[in-house]
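Labels for the chains are A, B and C, by order of writing; each one numbers its residues from 1.
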Amino acid sequence: MVTQTEFSLRSRNRGFHIITDEIIAHLPQLPEAGLLHLFMKHTSAALTINENADPDVQTDLALIFDKLIQEGEPFYSHTLEGNDDMPAHAKSSMIGATLTIPITNGRLNLGIWQGIYLCEFRLRGKNRKVVATIIS
Amino acid sequence: MVTQTEFSLRSRNRGFHIITDEIIAHLPQLPEAGLLHLFMKHTSAALTINENADPDVQTDLALIFDKLIQEGEPFYSHTLEGNDDMPAHAKSSMIGATLTIPITNGRLNLGIWQGIYLCEFRLRGKNRKVVATIIS
Amino acid sequence: MVTQTEFSLRSRNRGFHIITDEIIAHLPQLPEAGLLHLFMKHTSAALTINENADPDVQTDLALIFDKLIQEGEPFYSHTLEGNDDMPAHAKSSMIGATLTIPITNGRLNLGIWQGIYLCEFRLRGKNRKVVATIIS
């Protein structure tokens, strides 16, 4: 069976943000077993799973990816939308704008240290539309 | 229900290429709601979602990933298949050779700025085999 | 139909390891057609697909990602769990802790050069829990 819903995550500034609770609040009742597929309809943000305990992980992740793909590279051609735009596109493909999570016993079957992250790569992110598809 | 088809994308040279229309042309009629899973049967190319409007994004993405993972690093051991081969394998794992996209109202539910990309990392790419699985 | 099982991969040291056979040994009989979704319940390791032939690919991949995201960066705040920990989290999001593979004719439909990799980013990895979900 397929259940599908579309919603917007509230806007956030650039950074790695844990959104597990916000995602769950948007979902219908989960089946006993299945998959949750999340798809962000944007190309300058990403979804991932990472550590949910120490907030320093979020800060460090942002710094690591900012160092890897820097703003203002002289070879960028796509510059009209701002210095943060082209790096945002690259990071989005590097981390990925989709995520699939198993559902077990009616709950997301995350590890105890895992949280769902919204990686916002624009300085001032907008509301981010997500399509959630549940397969059971 | 599971519907599956296997096809080849036409060969392309190294670069980031938008293939949304070519993918859709290979798919059977889509269900009202579900998921499309794409899987490339190769380890030196990738599939991703990125911006479908400004061709400069494609050029810049290629330059960014070429800068991150460079050819001819002195520590490479896997060099027999050419200078472009080992970086291609690394980029393939970095971006990923699979992609899952929601289907809504009988169509791929992409954001208006999103397109499906083939990331070809070999200088002279071959036909790339893709398995498309539709879950509904 | 959804079939789900949870198991542990045996512990490995840091590196890129081919685990295709170990994964298959943990799976129930596969359906004629469908998807296998693998989800690692950890944030310092990843799953990917890469070349299954030349062991040098595994060595080079480890060196490439170690060079990209280095230990001991002065800007790291999350350092309590060791020098290998924060880079492990970043690599995990870069490569991804989930993987979806098509099932065709009752078998994983991998390309002939493709294998499933466990990317272990901790120096001394522990047993890694995986949730396998089969959709048919």
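The working rule: a residue touches a chain if its C-beta (ideal position, glycine included) is under 8 Å from a C-beta of that chain, and two chains touch if they have at least 3 such contacts.
The structure displayed is predicted, hence computed values, not measured ones.
Counting every residue number used by either copy at the chain B-chain C contact, under half are found in both chains. If you lay the C-alpha trace of chain A over that of chain B, the rotation comes to 120 degrees, to the nearest 5. Rounded to whole angstrom units, the spacing between the C-alpha centres of chain B and chain C is 20.
Among the residues of chain C, those touching two or more other chains are numbered 68, 94, 96, 100, 135.
Listing the residues of chain B that touch chain A in their complex gives 31, 33-35, 48-51, 54, 56-57, 59-61, 63-65, 67-68, 94-96, 99-102, 104, 109-114, 117, 119, 135-136.
On the side of chain C, the complex with chain A involves touching residues 2, 4, 6, 37, 39-43, 68-69, 73, 75-78, 80, 86, 89-90, 92-94, 96-98, 100, 129, 131, 133, 135.
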